[in-house]
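For reference, the structures are reproduced in the following blocks.
Look for chain A in each of the two complexes below; its partner is chain B in the first and chain C in the second.
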Partner chain A sequence: MGLSNLRYAKSHEWVSVTDGVATVGISRFAVDQLTDVTYLELPKVGKTVAIGDEVGVIESVKSTSSFYSPVAGEVIAVNDAAVQDTGLLNEDPYEKGWLMKVKLAAGAGIDHLLDQSQYDAQIASEA
Partner chain B sequence: MPELRRTPLHAWHVARKARMVPFGGWDMPVQYTSILEEHKAVRTAAGLFDISHMGRLTVEGTDATRFVDRMFTNDPAGMKSGQVRYGFVLNAAGCTLDDILVTKWSPEAFEIVVNAGNRGKIVAWIDQHKTDCDVVITDRTFDLGMLAVQGPQAIALAEGLIAGVAVGGLKYYHASPAECLGAEAVVSRTGYTGEDGFEIIAPNAAIVSLADVLLQRGVVPCGLGCRDTLRLEAAMPLYGHELTEATNPIHAGLGWAVKPEKGNFLGREAILAALADPTPRPVRVGLTLTGKRAAREGANVLVNGTVIGTVTSGSYTPWLDRSIAMAYIQPHHTAIGTELTVDVRGTAIPATVTALPFYKRAK
Partner chain C sequence: MNNTQSTELLFEISKTGRRCHRLPVCDVPVDEPLESLLPDAHRAAEPPPLPEVGEIDLIRHYTNLSTRNMSIDTNFYPLGSCTMKYNPKRHERFAGLPGFAALHPLQDDETLQGMLELLFHMQEYLAEISGLPAVSLQPAAGAQGELTALFVAAAYFRDKGETQRKKVLVPDSAHGTNPASAALAGFEAVTVKSTPGGLVDLDDLRAKIGPDTAVFMITNPNTLGLFEKQIQTITTLLHEQGALVYLDGANMNAILGITRPGDFGADMQHYNVHKTFTGPHGGGGPGSGPIAVREFLAPYLPAPVVVQDGDRYRLEYDMPKSIGRVRSFFGNVGILFRGYCYIRTLGPDGLKDVSEQAVLNANYLRARVAEGYDIPHAGPCMHEFVASARGLLREKKIRAMDIAKRLLDYGYHAPTVYFPLVVPEALMMEPTETESRETLDAFADTLLAIRNEEPDMLRTAPHTHIISRADEVKAAKEPVLRWK
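Let's look at the complex of A and B:
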């Protein structure tokens, strides 16, 4: 997946949209900040989510964080493999470590999200 | 915020891609690759920790024993030369200003290791309380570094690097002067991981060289992240969590390191009062939670919906592969096997009171 096509929420979720379906995960920067992920709670398939909704929990050795939906729509898939093997998030946050797929609501988009250069600027200020 | 202090190994950590975090006023590595992997390396082989951030003080003079006796809950007069003991510096209320390690070299020379975040407080305490004692206290924190090498292979992998003493021949909680790569050093059979191993204090340059050689020999660099999960499995208290200025070591279950019978020390009257007071107080226990979710510091512990205590440290731990915690709870719920719940961010998670330590190495 070309990282330059991703969009980001300020809360470190990444989004990639294909044919009206947004794949969502968390960024490498966020994963590195968390340390080893040990527990993952994801939304139920079929759940309707709005931008900024808390839809899950990501726990690492050092911290517990909320997972927020960066888009609006209906959850059509979650990554059960990552729930079973949370190490996938640390190994490969952009491919095998994806978290959920959301069918975007009518009229919903991703224009509110940061592009790569905006996100890079944000993490440079946080690092 | 004042600038973070750097240990002699700071550049060494950065060159090895450690993630650095502030800890006790120092910029310290929390992990190099993975807390889980670093934790397992210490349990199965050997890990290397930079603990140069800890405060190192020497106490020398004709009144050294009298001074340490005043400051320390354990009994320095009863210690042999080369012996190391754990204990506390208390305030007048009997609560904990710091938990410290004291090494005795002679009745006139001691060495003290204090927590990084408490060094300033302890130095101020010393200035205030040394009064009539003929002692010279020297803060060696900045001209000496300190490494911990921990794990079942720690002693073997350091073979030949430390001269003047056989590290493997040192008894647990004993120390000796030594020579580290040609420099004057002190080595002790101590640690904060629940494994065998040693800690070494040496000049900054020697500490960096020793770290390089140990790395070449396969010792795994470990950050503070696994230091925390290792000590949690071993049920060792961490200042700021299990011990605070509001915690009496008797209630922390650490009365074995408090010797009121030895005579006077600061906080003794409050300790005697605590020992005589029949009022039930929260005591420190271990909890094992169902599932992998961690109970963090501050999480409430409940019985039938009533809060009976608070978690002080909790984490998923890699070696035991489960979620464990230490908590202070009301004493009539502390029997091993008692079923409780812990409020983890609004979810009631079943937990069982578990004997401490959670992990004990095979002898």
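Let's look at the complex of A and C:
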């Protein structure tokens, strides 16, 4: 996946949209902050989500963090493999470690999200 | 920590027939057969599978295990937010006096007068120190104190018919127990942001206060070791909306005798007697988390409370609006007892001195640590401060965890790491008032030396302990909770 095509929420979720379906995960920066992920709770397929909704929980050896939907729509898939093997998030947050797929609601977009350079600037100030 | 003795379990070193002691043959004549004294059906078919070991092996087993422990009696223990101060040994001696230690809580009040008098005065002292007149000694630790106070708040609002108050506001630098207590008490926890300076963001607080606000929980000084200077503005804002202010008393060690939560507008607070008033802790407890509240909340406190009737003391159960018991008997009396001894030993001036020395020690250590580490929030601090290893992470990929683990090699307990969450790579240090300047200097010198050690070696520290880095992921996901 070309990272330059991703968009980001301030809360460190990434989004990639293909044919009206947004794939959502968390960024490498976020994963590195969390350190080893031990437990993952993802939303139910079919759930309607709004931007900023708390949709899941990511627990690591360091802390427990909420995971927020960066887009509006309906959850059509979640990554059960990552729930089973949370190491996938640490190894490959942008491919094997994706979290959910959301069919965007009518009129919903991703223009409110940060592009790569804006996100890079944000994490440079946080790191 | 150079003990190389085995930590095999007693079951593993057991040898059939080996004994510490052999009882003599029973010399009481038994006329009846055993069967008639204790029928077969009630007797075990074989002896219980207890370990069989010699006395020397038993003593070595426990003595060696005890040397694996790090404690305030053996090591400097700057564990931020935990107030690991020295626990005076004379309290142990007093607590062991048979007039106290041999009491049973189900004895009649009349035969417990000494203990009840002591607990009554403890209630009075805690009320005086907090500026909040009504006290319950029952909660078993700080988190239970928080939960109890929120139950009290919920009962108060129910009684007033203000059931629309569903929200508890909690700053993002709060202890994780705050939102957890709010949720357990049936409220919704709402996070309030901090300013870059580390204090409550008043604009965000104003935006979140409303007619549905029940309680604002604030830790003051907060977990960054900063005193919330706008505390009176904050408490006024909450009171204007009819909401209550809860003070998380975890950091009382900074303000004893200097300011009182009741005076700056808190309506309820808990104490951690085991921290502020020296109950030995760090090995899992027990703690003691009494709460103090304003007079109008007193009817809702857990029953019973200790009351004075003339020259007698008794437990008062006639509290129809009470939320009920939260702990068996009178709470963790052993810790309350030690706290009482501490308060009586020091007196009002001594307690104030404790806080002044604790703040002085923290600021001294802060200045020394700042020679080599980022300290994101401007000083002076109160009784603790938070340093950050973010610079080291950027330069050499060394994390706060690596520094914490390496400190163990030098015989120091690690500081609190990765808390509060608002500071990346946080190292939170609370030296307490009982440490000497020499100890603080030696610790600071060590921290500064670690900074320049070989990164690869730091990432695999500690190197001098029997267990190095535990596999935390495996421990969290596949915990081994029993032997075999």
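Operating definition for what follows: the second predicted complex is superposed on the first by the 127 of 127 C-alpha atoms of A that agree within 3 Å, B and C clash if a C-alpha of one lies under 4 Å from a C-alpha of the other, contacts with A are read in each partner's own complex, and residues count from 1 in each chain.
By our rule, a contact is a pair of C-beta atoms (placed from the backbone, for glycine too) under 8 Å apart; a residue touches a chain by one contact, two chains touch by 3 or more.
Everything quoted here is computed from the prediction, not taken from an experiment.
In the superposition on chain A, A:Thr38 makes contact with both chain B and chain C. Contacts of A:Val57 after superposition: chain B is touched, whereas chain C is not reached. In the superposed pair of complexes, A:Glu126 makes contact with chain C only, with no contact to chain B. Contacts of chain A with chain B, set against its contacts with chain C after fitting on chain A, overlap at residues 35-36, 38-39, 59, 61-62.
For chain B in complex with chain A, the residues that touch the partner chain are 19, 30-31, 34-36, 225, 229, 291-294, 296, 315-316, 318, 344-345.
Taken in their complex, chain A has these residues touching chain B: 32, 35-36, 38-39, 57, 59, 61-62, 64, 90. Those residues of chain C lying in contact with chain A across their complex are 390, 393-394, 401, 418, 421, 424, 472-473, 476-477.
Across the interface of their complex, chain C is touched by residues 33, 35-39, 59, 61-63, 86-87, 126-127 of chain A.
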